[in-house]
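In what follows, subunit A forms one complex with subunit B and a second complex with subunit C.
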Partner chain A sequence: MNKILPFAFLGAAGMIFPYSVQLIFLQTPIEQQMGTVQKIFYFHVPLAWIMMLLAVVCGVAAGIQLRRDSKRAEAISIAAAELVLVTGLGVLITGPIWGHATWGKPWTWDARQVSTGLLWLVFAAYVLVRHYGAAGSERLAAGLAIFGAIDVPVIYYAVKIWKTTHPSTDVAGSLPSSMWAALWPALIALLLTSLALLMIRVRQEMTDVALDEAWIGLEHDAASPNLAAATGDA
Partner chain B sequence: MRDATLTLSGARRGPRATTNLGMVALRQAWLLAVNDLRQEARDLELVLTASFFTLVVLIMLGMSFSALGVSAQPLAVPGMLWLSVAFVGALTLSRIFNREREFDTLRAMLVAPVERVSIYLAKAFVTLVILLGCCCITVPGLALLFPAAQPFAERPLETVALVVMGCTAYAGVGTLFAAGLASSSGKNVLLSVILYPLTMPSLLFALVATRSLLEGHASFTTYLGQLTATNVLAFVVGAWLFEPVLVGVPQQRSARRASRRRR
Partner chain C sequence: MAAPDEVQTPANDDYEPVEGLDQQTVQCVRACESEAAAKTASDYEHIVWAYGVIWSLFVIYGVFLWRRASRQSNEIEDLQRRLAGS
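Coming up: the complex of A and B.
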């Protein structure tokens, strides 16, 4: 079941996504002030929500990893961090395109932009530490992931605490139903894709751990007869 | 040091220690910090290298931005101050666990009857002291080099509060990860990779607060309050994560179990 589920998610996302694109570009009315460029909202917002969700998942998994030394939690943490990088890149590319058309500048250094950029940097640091860190650096990376997860509420509340060019969090509630109708399929398609990739990457990491353990066991078994022979000779 | 060790051991075993663990941890942290500062005072390695580096950074900033117009200076000076703190902080943090790394005494420190949070607080305090020492060069230097930085001299109390708060968050976050790298025999290059993204929020708050100080805005206290909140968060999370990041909780639990069995 675990093997089939990610591919089922990918299949479902593959069916929903074209329908979502058709809804966004052909059936949803064009926004009066921003024009066609507003269509990027249907990709930017779901990607931002998924990025924040994955950052929280990564932080919680890292906390469990630190508390219980759980290999599964560690694998989830790694997979989620890598997906934060991917979805974050999507947010940081689509955001400035939308910003350029709306505000006349792709990057205004407002609090939400800066905190999102910081989140991406923290998870980029996480991935670098995981790849290049010495033995024991997995705990260090977990600490980093927890700090990254703390940034998520900062991103969410940034528009309430500081003066920003971003729309406030209340905007989502005031969207017309036609926009919600187009937003949901895009969100579901992207969420299913992210979940599928997360599950596949977790499986890869778990296989990697199992292979490492098997390799160590093999080396240990190979060394044991030699050790026994050496002690026997002595 | 002998006295300190005896006090530390006694504090751990005594009945009062369990009821007043916070004060004991603070006292242990103070003793460890004094010990570190005493060792630093003997050879001044970290103080002199960090001070020299600060001076070089200040001269480079002066040379690069001497032609900057007075109207642009209030925007540039905060960046100069906190960038130099960020650079000197990375240098300090890469060396703060050097003694433990060179003589392999971090393990000895971890098995000593000392609260692990005390080690964290002591190291963070030493880092803070060195950073503040470097700011004693940077802040007057900037005030001398750039006319727009005169409010540093005109409003000394606000300047001191700003510098202390800005450096505290940096020391709080940085010490946690410097310790993690020291214990994992990791590469020091990773310290900068971790340090800058994590300390950026506090440095940004410090930057905005400095700008409002230089421009004489009333919002200075608001920004200082936000910086203080960041400090509290950095220290609470840093102290909470120090032990799991440094030794790992399951290892620590099994060590406790083994110690109970021995008893």
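Coming up: the complex of A and C.
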């Protein structure tokens, strides 16, 4: 079941995505102030929500890994961090594309942009430490993941605390129902894709751990007669 | 009836209003239409880039996972061979 579920999610996302695109371009009215380019919103915003959700998942899993030394939590943390990089890069590229068309500038150094960039860099550091770090560096990486998760509320409240070019968090509540109707399928398509990739990556990480243990066991078994012979000779 | 090559288009001074619109209004509408069309074309260019980037990133990550899965399959086969041999 666990093997089929990610592919079922990908299949469902593959069907919802075209439906969502036709809703966005054919059924949803053109926003009056920004014009057609506002349609980037339907994928940029859900992608940012998913990025923040994954960053929290990664931080919580890293906390569990530190407390209970859980291999599953560690695998979830690694998978979620990689997906934060993927979704975060998407947010950091589509945002400036939208900004270029709407504000006339791709990057304005506003608080939400900077805190999102910081989140991405923290998780890039996490992935690099996990990949190149020496033995024991997984605890340092877990600390980085927790630090990254703390940045999520900063991103969310940045528009309330500081003066920014991004709209306030209240804008979502004021959206007309036709825009919400187009936003949900886009969110579901992206969420299903992200969940599927997360599940596949967690499985791979668990397989890597099992393979490592199997190789160590095999080497140990192979080394044992030599060791016995060596101790017998002594 | 005049032959097609004998049809004369009126000079600018002889402008005749169509559908009750004066020349200034028609020119203004055309200018607005042209500006709106340019804005929409630019908007669609931005949208295509944004959507393309998002789905390309997912595809690239999918390929990365697929390559990783292939490497793991090879490693499992290698391990099975070693176990069968020992």
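The rule is short, and it goes like this: the second predicted complex is superposed on the first by the 234 of 234 C-alpha atoms of A that agree within 3 Å, B and C clash if a C-alpha of one lies under 4 Å from a C-alpha of the other, contacts with A are read in each partner's own complex, and residues count from 1 in each chain.
Note that a residue touches a chain if its C-beta (ideal position, glycine included) is under 8 Å from a C-beta of that chain, and two chains touch if they have at least 3 such contacts.
What you see is a predicted model, and the numbers here were worked out from it, not measured in a lab.
Enquirer: Fit or clash for subunit B plus subunit C once both are placed on subunit A?
Expert: On the superposed model, which is not a single observed complex, subunit B and subunit C fit side by side.
Enquirer: Return first, second, both or neither, reflecting whether A:L118 touches subunit B, subunit C, both chains, or no partner chain.
Expert: first
Enquirer: Which partner chains sit in contact with A:H44 here, subunit B, subunit C, both or neither? Use first/second/both/neither.
Expert: second
Enquirer: When the two structures are overlaid on chain A, which partner does A:K160 contact: first (subunit B), second (subunit C), both, or neither?
Expert: neither
Enquirer: Regarding the shared-chain residue A:K105, is it in contact with subunit B (first), subunit C (second), both, or neither?
Expert: After superposition on chain A, A:K105 lies in contact with neither partner.
Enquirer: Thinking of the overlay built on chain A, is A:G136 touched by subunit B (first), by subunit C (second), by both, or by neither?
Expert: A:G136 sits against subunit B, while subunit C stays out of touch.
Enquirer: Touch check for A:H220: first (subunit B), second (subunit C), both, or neither?
Expert: In the superposed model, A:H220 contacts neither subunit B nor subunit C.
Enquirer: Between subunit B (first) and subunit C (second), which, if any, makes contact with A:L197: first, second, both or neither?
Expert: A:L197: touches subunit C, not subunit B.
Enquirer: If you take every C-alpha pair with one atom in subunit B and one in subunit C, what is the shortest distance in Å after superposing?
Expert: Minimum C-alpha separation, subunit B to subunit C: 23 Å.
Enquirer: Per the definitions at the top, what is the overlap between the subunit A residues touching subunit B and those touching subunit C?
Expert: Of subunit A, no residue contacts subunit B in one complex and subunit C in the other.
Enquirer: Within the complex, which stretch of subunit A touches subunit C?
Expert: Against subunit C, the touching part of subunit A is residues 35-37, 39-40, 43-44, 47, 82-83, 86-87, 89-90, 93-94, 97-98, 100-101, 190, 193, 197, 200-201, 204, 207-208, 211, 214-215, 218, 221-222.
Enquirer: How about subunit C: which of its residues touch subunit A in the complex?
Expert: The touching residues are 39-40, 42-44, 46-47, 49-51, 53-54, 57-58, 61-62, 65, 68-69, 72, 75-76, 79, 82-83, 86.
Enquirer: Given the complex with subunit B, which residues does subunit A contribute to the contact?
Expert: 66-69, 114-115, 118, 121-122, 124-125, 128-129, 132-137, 139-140, 142-144, 146-147, 150-151, 154
Enquirer: For subunit B, which residues count as touching subunit A in their complex?
Expert: 173, 176-177, 180-181, 183-187, 190, 193-194, 196-198, 200-201, 204, 233, 237, 241, 244-246, 248-250
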